[in-house]
Every structure is written in C-alpha cells, then in structure tokens.
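Before I ask anything, let me first share the structure, which is written out below as structure tokens.
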Amino acid sequence: MENVMTAIRVVPLEHYLILSFLLFSIGMVGALVRRNIIIVIMCLELMLNSVNLLLVAFSAYHSDPGGQVMVFFIMLVAAAEVTVGLSILVLMKRNTDGVDMNILNRLKW
Amino acid sequence: MVKLDLLAILVPALPLLGALFIGFGRRKLKGNSAGMLGTALVLGAFICSLILFLGRDGQTHIVHVFDWIKVGTMDIPFAFQIDALSLWMMLIVTGIGSLIHLYSIGYMHDDPRVATFFAQLNLFTFSMLLLVMGANFLITFIGWEGVGLCSYLLIGFWYTTPEFNYAGRKAFVMNRIGDVGMVLAMTLMFYTFGTLNYVDIMDQAGSFAPSNPLIITATLLLFLGATGKSAQLPLLTWLPDAMAGPTPVSALIHAATMVTAGIFLVVRSSVLFELAPYTQDVILWIGVATALFGATVGLFQNDIKKVLAYSTVSQLGYMFAALGVGAYSAGMFHVTTHAFFKALLFLAAGSVIHALGGEQDIRKMGGLKKTTKTTYITFLIATLAIAGIPPLSGFFSKDGILASTFQDSPFAYGILVFAAMLTAFYMFRVLFLTFFGSYRGTAHPHESPKVMTVPLMVLAVLSAIGGALNIPHIFGGHEWLKVDLGTAVEGVLGEHMALSASTEWMLMALSTALVLLTIWYTWTLFGKKTTLDGEPADMPFLKRLIAKRWMLDELYAVLFEKPFGWLSRNLFGIGETKVAVPLTVGSGKAAHGVAEWLRKMQTGNTSFYLFGMMLGVVVFLLITLFTA
Amino acid sequence: MSALILISVLAVLVLYLGLFGNKSWLAPIGVLGLLGAIALFASGWHIDHHLMGGMVKFDRFSIGFNIAMVAITVLIFLFGPDYYARAKDNVAEQYALMLFSLVGGFLLSSYTNLLMLFLGIEVLSIPLYILAGAKKNSLRSNEASFKYFLLGSFSTAFLLMGIALLYGLTGSFELTVLGEHIANAGSSDMLLNFGLFFTVTGLAFKMGAVPFHFWKPDVYQGAPTLVTIFMATVVMMAATAGFFRLIDVTGMPGMLAQIMVLLVLATLLVGNVIALRQTNFKRLMAYSSIAHSGFLLLALLTDEGLVEGHGTAVGRTLLYYTFTYSLATTGLFILFTIAKRANNGAEHNDIFRGLFAAKPWLALCALAMLLSLAGIPLTAGFIAKYQVFLLAIGAGWLKVMGFGVLMALLGIYYYFMVVRELFVRPDQPVTFVVSPLNWLVVSVCAVAVLVLGVWPSLI
Amino acid sequence: MELLALVLIPFIAAMLLLAFRPAAMARGIALVSTLLSFALVLWLWYSWNGSMVIGVSHDWVPAWGMRFVLGYGGIGLLMLILTGLLFPFIIGTGYKQPVGDPSLVNALLLFCQSALFGVFLAQNAFLFYVFFELSLIPIFFLLMFWGGAHKRSITIRFFLYTLLGGLALLFSVAYVTLQTPVPHSADFTALAALDLPMNVQVWLFWTMFLAFAIKMPIFPFHSWQPETYTMAPTQGTMVLSAVMGKMGLYGIVVFLFTIVPEGALHWSSWVIGISLFGALYAAVIAFRQNDFKRMIAYSSMSHFGLMCAALFTWNAYGISGTLYQTLAHGVLMVCLFYIVGAVAQRTGSTDFAGMGGLKTKMPRMALLFMFVTANAIALPLTQSFVGEWLMYNGLWQWNNWTAFAGVALIVLGAIYMLYAYQRVMLGPDRAIDVTDADDEEHFFLVPLIAITLLVGIFPNVILHVVDGPVQQLLNSFTSLP
C-alpha cells in the first residue's frame, strides 16, 4: 500500500493537476461540439474521471484515504446517472428515432 | 359705541342679506318685488351710514367683528375702520347705489332675470362696502375681489352673447393682473410691518426714511392693483368693453364706485405714497397719459356708452394725476363729483337707449330733446358739469386738480387742460348728436317712466350743486371736504396751495375760456346736424389711429392673447403628448424590447445551453483570475 | 436519522403498494408517512444530531428546512390523487421517486461534509431526471427530462471538480476544516478560489441562477405539472439550503463575492425581464422562480461565514422566503392545472379568464398568491422581500439592492398581467371543475400566505 | 382603541359588502359606515388636547423594528378630517353617477378609506408604507374594471409608476430602520431621533421624495396623472385627487421634515423650483384643454405644485397654508369632478365640444358651478383664498421671486377656470334637452359649498389644528445649521 503512495508521489502534483484539467477540458469541449448523445455522455464520464484522477492524486499527497472513498462514490453515482441517462436516451430514440442532441427543441423562448 | 358697532355692521349686512334673500328666493319674487327689496335694503344701508356720518367725531373707530386669520404671528381681524374717508365713500356707494337701484327697477323691468340682476347688484354693494370699510388691506381685498366678481357677472349678465362673456372675462382677468400687484404688496407689507391693519401700518410707516426701497416697491405694487381696478394705462382696455353690461351696471360699477376703488386705495394708504416720491411721479404721469388717452379716443366713438366709458377713463386719469401730486382731497372731491355727473350721464344715456328700444349708436339718434325732455335737461346739466362750466360741481373739482398739478408740473397741467378741451368736445358732440337736430332713427322715442327719471333729477341737482362741498378759499369757501377728510387721511391738511390768488384766477379763466371755445366749435360742427354723413374714406392717419383706440386691443392680442394660446396648445401638444407620456410608455416598451431580445437566448438547443453554461464559467473564471 | 430512514422505507413501501396496482392507497399512506417524518423531525428540534460520523448534522436550520420541504410534499401528495386520476400506471413509482428525491433534499439541507453535498445533490437530481420524463410518450416531457439530465450531469461535473480542488486544498471534505483554513490561511490561494467557484457553480445550477438557468424554463414547461411543482418548491428549497450550508461556513472569501454579485445581477435581470414576454404560464413561473432565486442569492451574498449570529438571520430569511414562495407556487400550479383542464389543455396565461366570475373564492386565493409572489404588503412574499432588503442594506450592498428594487417592479408587472386575466370575462363561458381536496389545498396555501404575511414571526 | 376602530369600520363594512353583495342596499351601508367613521373623526377632533396622541401600540416584528403604532398629531388629525369628511360624498357620488356593481365598487372604496386612515394614523414608518401601498390596490381594481378608454394600459402604467415610488420609499424605510440603534425601531419618534450624516441625507431625500412626488404628482413625475384622472370613473378620480394625493404632502411632512431635515433643506430650492414651474406649466396647459375632466386634472396638478412649493418654504405660513389647503383642495376637487360627472352624464361626454349654453337649461347647476369656480379661483371668503394667501406669504418669506411666480397663478387660474365656465355654461342655448340639477345633486353639492364658505370665513377652525404642530416642527428645524 505504502509503495503505491510513493509511486504516485513520484509524479509532482502539478502534473496531475494539469493532466486532469486537460481531461476535464477535453470532456467539456467534447460535450459542447459533439451532437451524438452517446458520445456526449461519454464525454461527461470523461470529465468525472478526470476529477477521480485528481482526487486520487490529492489523497495520495495528503496521505488521506477520504479522497479514494470519494472516488468510489463518484463511480457509483456516475453509474446510476448514466443508467438513467441511457434509459432516457432509449425513450427518446423510441419517440423520435434519432440520437441527435438538438433534435428535440420544441421547448424554447 | 355699541350703536356705532351695530350700525357699522348693519351697513354691509343689509345689502348682503338682500343678495342672499333675492338670490335664493329669485323664483318666488314676482314683478318688481325683487327690485323694491333690493333698493329698500341699500337705502337702509344709506340711512345707517348717514347716521354714522352725522354722528362722526373726527376719530378713527375700529369695529372688530371677529378674528379672521390667526396663525403663527399672523393675526388678521375681520374689522371695519370708521373714519371720515370710509364714511364718505360709504355715503357715495350707498347713496348713488340706492338711486341706481331705484332706476334699475324701471330699466330692467321686462327682463326675465331681473331678480338675479338685483341679487348681484346687492352683492356688489356689499363687496364695495367691505372694500371701503375694511380696517386692513386683506378685508379691503375681499371687497376688491368681490366687486371684481360682481362686475364679471354683471358684464356678462346677458350670457347668451359670446362677446359679452368675453368682455366679462377680459375685465376679470385684467383686474386679476392688477391683483397680483395687490397680493404681492400685501405680502411685502406683512413681511415688512408684521401687520396689515391700516392704523398700525400708518403708525409704523413714520419710522421709515423717504424712498425706502421696500416702501417704493410696496407702493408701486399697490398702484399696479389700482391701475387694474381703476382702468389706468396699461390695464384699461377692459372698461370700454365692460359697457356690454346693462346700463345701470355701467353707471354704478364702471363709473361711480368700483373704478374709484384704486383712488380710494391710494388715498387710504397715503402715508406710504407720501414716503415714495418716485411712485408719486409714476402715478402722476400715468394719470396724465390716461386722461389724454381717454379724451382722445372719446372723440370719434359713435356708441354713446363707449364715449362715456372713455370719458370715465379720462376722468379717472385726472384723479390719479391729483393723487400723483399729493392732492388727495382734490382727488376725492373729483371722485365725488364724478360719481354724481358720470352716474347721471350713464343713467340718462340709459334712459335714451331705453327710449329708443336699445339703440346705442348716436348716429341713429338726434332731436330727442323734444320727446325726452327730462332726460335732455339732466343730460345737459351733467355735460356742463363734466365740461367744467362754473358753477357746476365739475368746475370746482377739476379746477382743484388743475391748480394742484400746475404748481407741481406746468407741463402736466397743459396736457390736462388740453384733455379738458377734448372732454368738452366729445361730450357736447354726443349731446348735440343725440338731442339736437332731427331724429335719424326708426324707433318711436318716448320718455322713460318716473322711477327712472326721479333718480336722474336727484343726480342732476347733486351734480349741479355738488361743488359746494369743497369751495376753495378764493371763493370764500372753507374747503369743507378737505378739512373733513383731513381728520382721516394723512397729508391732506399738509396740502397747501402755494399759488397766489391771481394765478389761480388766471388759470380758472384760461381753462374755462378754452372749454367754452371748444363748445362753440362743437356747436358749429354738430349743432345743426339733421343727417350724418358717414366717416370720410380718407381719414388722416392719426385720426384713424385714434378712432381705432390707438390699436391698444390689437396690440394686446398680438402681444399676449395669441402667444398664450399658442403656448398652451403646444405645451400640451408637444410637452405632454410628445415628451412626458411617451417617456413613460417608452420605458415600458424598452423593457419589453430587451425581453424580446433576451429570450432569444433560450434557443431550445441543448448544445447551446451547454455552451452558454460553459461560457458563463469561463467568464467568471477570467474575472477570478484577473481580479485575483 | 430516523426520519431519513422512515422516508426511504416509505418510498420502498409505496413502490410495493404500486405492484398491487391500487392507486387509491398511495397518497394517503405517503401523507401519513410524511406527517410521521415531520413529527420525528420536530421531536429532535432542541438538540443537534450528528449522523454518519458527523457528515450530517440536523440542527435547527436543517430541521426547519426539512419540515418545510416535507410539508410542501404533503400538499403535493394531496394534489396527487386528482392529478393522477387519469394516469394508468407508474403512479407508485412517481410517488416513490419524489420521496427518494426528498431524502436527497434532507441531505442537502444538513450536510457538513462535501461528500454528503455531492450525494445529496445526486440523490435529489437523479429521480427528478426520471420524473421529468414521466409522461413516457409525450415528446415535451421526454425533451425536458433529457435536457435536465444532460445539463444536470454537466454541472455535477463542475461541482465535483470544485469539491476535488477544495479537498486538495485542505486534505479533508469536512466543511469545518475548510472554514478554519479560510479563517487562518486567508483566501489568496488559487485552489480555494477555483474550488469554491466550481462548487458554487454546481449549486447555482440547481437554483437556476443565470447563466446556469437554461434548463429551468424548458424543464418546467415540459415536465408533468405535478413534477414541476415539486421541482419549483422542494428542489428550490433543498438547493437553497445546500448553498447556505456551504456559504455559512466559507463566507465570501476572495473573488467569490464579486462572482456572487454578478450572479445576482444577471439572475435578477434575466429572470424578471424575460418573464415580461412569457405567455405560457409554466414558463412564466419558471422565469419568476429564476427571479426569486436571484433574491435568494442576494440574501446568501450577505452571509459572512463563521461570524457568529449573523448566519442564523440569513438562514431564517432563506427558509421564510423559500417556504412562502413554495406555498404560493404550489397553489398557483394547482389552479393552473384546474384551468388547463377547463380550457382543454391550453397553457396560455389567459386560461385563467373568468375564474373570478365562476369561482370567486379561488380567484381571490389566486390573487393572494400572485400578490405574494409580486411582493405586495400584507402578503408573505412582501415580508420575505423586505427581509432580503434588510439583509442586503445591512451588509451595505445598496446599489445591488437598488437594482433589485427596479427588477421587483418588473416582477409586479408580469404578475399583474395574470391578475388581470383573473377578472377578465372570457369570450365563451368556462366551467372549472374543482375537487374538494384541491379546493382545500389551494385555500390552505392562500390563507397560509396571508397569515404568514401578517404574522411573519410565526416562522 | 378608537383609532383601531377608525381603520376597522370601513374594512368590516367592505367585507360585509363583499360577503353578502347587497346590490340594492350597498350604497346605503357604505354611506352609513363612512358617516360613522366621520363621526368618530369628529369625536377625535373634539377630544384632541393639542398634543401627540398614541392610541394603539403593539409589537409586530421587533427584530426589524416593525411595530403596529397608531396615533395622530394635529397634522395627522387634519388628514383624518379630510378623509372622513370627503368619503361620504365620494360614496354618495355613486347615487347619481353609478358605475358597475354597487357592492363591489363601494367595497373597494371602503377598503381604500380604511387604508388611508391607516396611512394618516400610522406612527411607524413601516406601517405607513404598508398602508401606503394597500391604498393602491382597491384603486387599481376600480380603474381596471370601470375605467374609460384604454383603461388596461393606463391603469397598469399608473400602478407601476406609483409602485416605483413606493419601492423607493420601502428601500429608504429599510435603510433608516437599520440606522437606528439595536434593537431597531421604525417608529417615527425613533427615526426622527437619529441624525444622519449629510451625504446620506442628500440621496436619501430623493429616494423618499420620489414616492411622494409621484403620488401628488408634481411636475416631472406627473405623466401618469392626466390620463388616469380622465379615464378613471368619477369616484376613482375623486379619491385619487382629493385624498390620495394628500398622502404625498403628508408624507413629506412626516418623512422628509423629520427624518432627513437637512437633506430637505439642502434641496428645498430645487423642489420649490420644479414645483412652481410645474404649477405654471399645468395652469397654462389647462387653459386650452378640450376635455373638461382633463382640464380639471391639470388644474389639480397646478394646485399640487403650489402646495408642494409652499411646503418647502420652511416657515409657518407656507406649511400651515399648505396643510390648510389640502382640505380646501380636497373639497374643491370633489365638487369639480362631481360637476364634471353630472354635466358629462347629460351631454354624453366630458368634451367641451358638446357643452356650452347650458345655463339656460340648467340655471341652478350653473349657480352651483359658479360657487365652485369662485372657490377654484380663490376668491376671498372661500376656503382656497386663505390657503393661497398663507402660501404666498410663505413663498415671499422664502424668496420674493418665487412669490411672483406663485402669485402669477391667480391670473392663470382665473383664465382657465372662467374660460371653462364659459365653455360649459355660457353662450347661446344649445338645442339639446338637458335637465337642471335635481334635489339629489343639490343635496350633494350644497353642503360642500357651505363648508367651503364657512371654513373660508372662519379659517381658524382648521388653522388652530395645525398651528401648534407646525410651530413644533419649525422649532425642531431651528436646531438645523
């Protein structure tokens, strides 16, 4: 266990920060530009995982397990969330037979 | 003392009762009853004031009725001041008033709204009495405005004729312009003296140095009020139009009493004016100018009442000229005599108009001396009086004024004498055109009933012998009126005739001679007229200007009436409908516009929403970064 | 704790009842359970309970909020039978989901640990994603749930990022630690600023603060009215409480104050102004709720963190504001449903026409609630706004407050557009069918709004 | 206790009307209740000992300084007299000029009266504000239901405009309340006690003044007024001009002069300037109006301009004159709008074009109108004269030139009122059949005219009510720099 910590600490914290920020941004931009909902949901997952990475790094540097506990919670919740999301998507596919982001825009103004 | 209080309150109370009673019972009162009642009450007031007059003791009595306005340090009682001046005016108002009431019974006989007429006439008498009896400026001002209202009502008495209504409004508004001066003068005096009671103000005034700016301002403002009420330049154009009212009204309000309120006011506050020589000069020259103006315009008027109106303007000018040189007694004397003969002239003219069934154009009259004898004789006496033929009343009063102006400024004297000649000219022109020659009209002239001729006779007697009131020393008289007024009015006894007797004789002779000359000239022009040739087409410019009353009305129309209407229309048309309201409406519309624009953000596209959120985040992040 | 468990069990119970397919029992049992929960909460009023290893703390603030949320849920459940009268299936699931989401609300109002904040928000949201799409074959409902889901999880990502950064700063998820760190180390640290900012973003999304408001109009309009009520009331309260929990510890360190000011201004402006042009009542209410969250944010802005005493005032104000707002909203939406049925499905503002002629009492109730939303004296809404005034002026945000005043004026305008409709005579006579239960609920809401307006000290 | 009753009597009566909808007896009930409250006011007047009377005092929300305090001094008493005196007549107007469902109309009017009593009784700034806004709601519905052309848009505009001022006032109230030492108190006494720094007073003055300036209204804030007055039903217009406008003047006295006196002093010249300008502006506009009602609306605006200007002259005459004039103006406006309504009822519109020459057919109405006109142009021995005379004195003591501007109004007033009288009554008889004023209308107008004359002849009856309080107010000013 201890050596894992040290292994993580080999890389300086800034790098973790930068990396997760990059991942986060990639996810965000992806969510913005892509129109296929499946991909957008994957991008959202990417954002969440960047957060996970960050949390792990922090927990290692603070040598405090709380961060990793949080990661598990996030994974769990994200799973639930995606389940719901996909079911909504299925419903949508059934109603409009399309998975395009902006196919549904009756509600506006 | 109680008796005096009672009488003093009774004097204005009786006409007021008349006004209320007749006014509210005007449907019940049939036939002449209204007239009788009104006349009786005014007569009663006359008797009361006569009793007061006879019982006078040269002292000034204040009759305190009740506290009117009492707030902060301001204490304005509702009180009457009984002294020689007010008593004298009360006599004139009630005396002449009762005569004219009597006359009106006949004159207004067939008018359906005769009761209303008498109610308003009584109301006028009440207001006039308040005016002259008031113990402070504000009480006087009550009467001042009251007579204005009554004059407005009575001028527009025949309200179905738009011109008459216009004339009434014109009279009221012009008076109001004068009242601005009056109100401001009162505020100023209250600010200065802390009181408005005549007695107190006159006491305190002594402590002010002559031509103190405050006093000068106050007096000028007071005089502005006077010009409005007494139809002096520049506020005189309402008086001729006021002839639209029934003739008795013209006699009572616009000749005998109301128009002399201005003179009364100046005399009442003589102390202040004595302290303001500058104002006195203004008064003198405005008076002189007005005298000349009225006299000139009178020359070519063809409406008999218009002629009399301008003659009134001119005579009032004389009185103010007198006040301007500080000859208060002379002024009041002329007020009195003028009240006699001018009232007589109007009533006589009224009797003529009555005789001709409403005809007022002297070109359509003539030769009436046979058909309406009494009227003719009385009219003749009055004309001689106003022309200033000795020994009629007008001679003495006018001569007093001329003499006192001469010693102050010979130039003014010259103008006034000239105006006197003009007076003689236009008065005799009227006389000749009306009663001499042969009748040029179509109606069937007939003498008026007794109820109308009796007042004529009484007034004729008065205007004949009225001069006896104030016979100057050179005739061995004792200037009784002057002495009497001296007990009440400051500076009257101070008037001393510096002229040598010989100069006075010479002046009298001169003016009389000139007047007689004029009369002879007039006789040659109009005396024998049987037919009247219309105005020659090519009148010289000056004559045309004068015939058009020096274009004063037109001038005011261009200067004031039209611009005011224009302003009123455009302030509304532009200021309100184009600016104020659109601004409020516009702000609402603007909000809606912004809303319409903002709601376009809500495109309904999920990607756009994501983008918007991210944009927000980025903006906030940047703020965080750069302000950190 | 017990209340939490009770509600969760209740939800499961309701689900099972659903299996036996008789809808008539669902609402009553739900209401009973909720009343029980209120009782349990009330019993714990005097002492603060620390649960889950101190990650949740039931103090007076949270208990007050919880009771309020439960009370509103009761009203909604009472409206339920009438609303679901024509629905065939999945009724039980919807009740159950609402209860689950309510549990999330409890967590939000009482967390002391960022982990619980995250859990709370998710437990609150995920059932809502489903509820919004409850009308399976209605495209609008579908769209609403989809948008809500996507935007919601997007903002969750931000929230998580923020939490992670704060964790990185302090090495703990405990709010108290965070508060102490701010108190000691000051607020210069970038980690802190970013962290707080992202966290606030996530919460602001739930409150519908501009520019995170986009979901609100669409979701409110698309979701089934009952769910809309739930979102407009309970979710609003929960989000506000959650926000307060955080701010009451951190205060307004560093850049946060400026960002909050911008949020307030933008929210007030957009919410009120766009509402001027809304003709669809549900959208109108959505924008009005955005506007109100603007005022709530203004109240939050004045919180000074760990400084003693002040926070309670802000908390009380928020509770009073959200609760009265929820009362009025609930009643109005119920009336809206009635009117909508009377006008066969129209949602335009003018469906209220002729209400005064047909049902004067209900019209007066609607009037009272609209006046309350508009903030006219002697209604609770006015007192609520006045408290915000006091807070903001007391904290010296005069200019912001002045702007708020102007916006409140706009608010009055669009509410009175609806008021006007109440008294306009309709072109053809309309018949409003009102079940006694609805009548009761509406009356309760209206009367409560007035009573709370006259005696504000009741809360 | 009787103070509470004053607020409750109309409220309860209104509730009864709403509950039972006694269409037939509605006016009777309303009339009785207003007469009852008037009697109560008279009793208060009779039993007044010249000092501040606090009738009811309960805590409401102590934390925010909200307390339920009812009381009255001389100035408040005058306003109570105004409200109590005029409302029976306003209700009575409904007999001859009915609008809509009587029980509803009268209920709204009574609600309004209740709120107005509250405003004039409130001794707590917050309470004042609450009643201040509440009085608006019934009027809103009155106009919204029974207004004339474009009632919707005009009513909303009027409502929002006045609410804008109201919210500004609320803002100020909250601010000053927080300035008081803890525990905060919004009582006028507490607020008067605190001495705000000058820079605060300078802006606080406007946030408060805005509300009252819009309420009256005076010049730059008036754009809602003419249309609203013209469009509103007669009774609504009466309430607006005769009573509600006075809330502005009263508010100036109780708020600006007691809480921000230095700020008020600092801005006085400005306020006097715009007020007088507005007065002249409105008077000039009134002259050429083609609509009788709108013309009266502008004349009312002109009067308010003068009153507001005189109020800021900081001397006994200006302030007492203004307060006295509030009563005179109230009576005048009720008379005028009643006559407008009566004439319009006969000729079918408020447009001058349809009038003229009516005197022949309706001499009695003409006489009544002449009396009212005499009051309107402030002839001596009518009510208005005393007020205007005092106000002119106040203006003169402030600055001679303002007095000139003010006194010019007596000319303008005469011009437009007499022109209006001529356009309505005088001139050749029209070939339209109109009936003369009947006994009901006499029964309405004669008492008011009698009051006009009586109070004009014995003004001390009213003046002694305000004299003492105004002196106290001025004494409190003397402490100012």
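As written, the chains take the letters A, B, C and D, and residue 1 is the first residue of each chain.
One rule holds for everything that comes next: a residue touches a chain if its C-beta (ideal position, glycine included) is under 8 Å from a C-beta of that chain, and two chains touch if they have at least 3 such contacts.
The shown structure was predicted, so the numbers you read here are calculated from the model rather than taken from an experiment.
S.K.: Within the chain touch network, how many edges lie on the shortest path between chain A and chain D?
M.R.: Minimal hop count between chain A and chain D: 2.
S.K.: Going by CA means, which chain is nearest the middle of everything shown?
M.R.: If we average C-alpha coordinates per chain, D lands closest to the whole-structure average.
S.K.: Comparing the two chain pairs, does B-C have more C-beta contacts than A-B, or is it the other way round?
M.R.: Between B-C and A-B, contacts are more numerous in B-C.
S.K.: Counting only Cα atoms for the centres, state how far chain A is from chain B in Å.
M.R.: The separation of the two C-alpha centroids amounts to 99 Å.
S.K.: Once you find the CA centre of chain B and the CA centre of chain C, what distance in Å lies between them?
M.R.: 79
S.K.: Taking the mean of the CA coordinates per chain, how far is chain C from chain D in Å?
M.R.: Using C-alpha averages as centres, the distance is 43 Å.
S.K.: Go ahead and note the Å separation of the Cα centroids belonging to chain A and chain C.
M.R.: The computed centroid separation for chain A versus chain C comes out at 27 Å.
S.K.: Give me the residue numbers in chain B that touch at least two other chains, ranges are fine.
M.R.: Expected reply: 599, 602, 604, 606, 608, 610.
S.K.: Note the residues in chain D that touch 2 or more other chains, in rising order.
M.R.: As it turns out, chain D has residues touching two or more other chains at 160.
S.K.: Give me the residues of chain C that touch two or more other chains.
M.R.: Residues 146-147, 150, 154, 217-218.
S.K.: Following the definition at the start, I'd like every touching pair of chains, please.
M.R.: After working through each pair, the chains in contact turn out to be A-B, A-C, B-C, B-D, C-D.
S.K.: Under the stated contact criterion, what part of chain B meets chain A in this complex?
M.R.: 599-600, 602-608, 610-611, 614
S.K.: So in the complex, which bits of chain B are touching chain D?
M.R.: Per the touch definition, chain B meets chain D at residues 66-74, 138, 141-142, 145-146, 149, 152-153, 156, 159-162, 165, 169, 172-173, 176-177, 179-180, 183-184, 187-188, 190-191, 564-565, 567-569, 571-572, 575-576, 580-581, 583-585, 588.
S.K.: Quick one: in the complex, what on chain D touches chain C?
M.R.: 60-61, 63-64, 129-130, 133-134, 137, 141, 144-145, 152, 156, 159-160, 163-164, 167-168, 170-171, 174-175, 177-178
S.K.: Using the touch definition up top, name the residues of chain A that touch chain C in the complex.
M.R.: 13, 17, 20, 24, 27-28, 31, 37, 40-41, 44, 47-48, 50-51, 54-55, 57-59, 61-62, 64, 66-67, 69-70, 73-74, 77, 80-81, 84-85, 87-89, 91-92, 95-96, 101, 104-108
S.K.: Going by the contact rule at the top, pick out the chain C residues touching chain A in the complex.
M.R.: 115, 118-119, 122, 126, 129-130, 133, 136-137, 139-140, 142-147, 149-150, 153-154, 156-157, 160-161, 163-165, 167-168, 171-173, 217-218, 221-222
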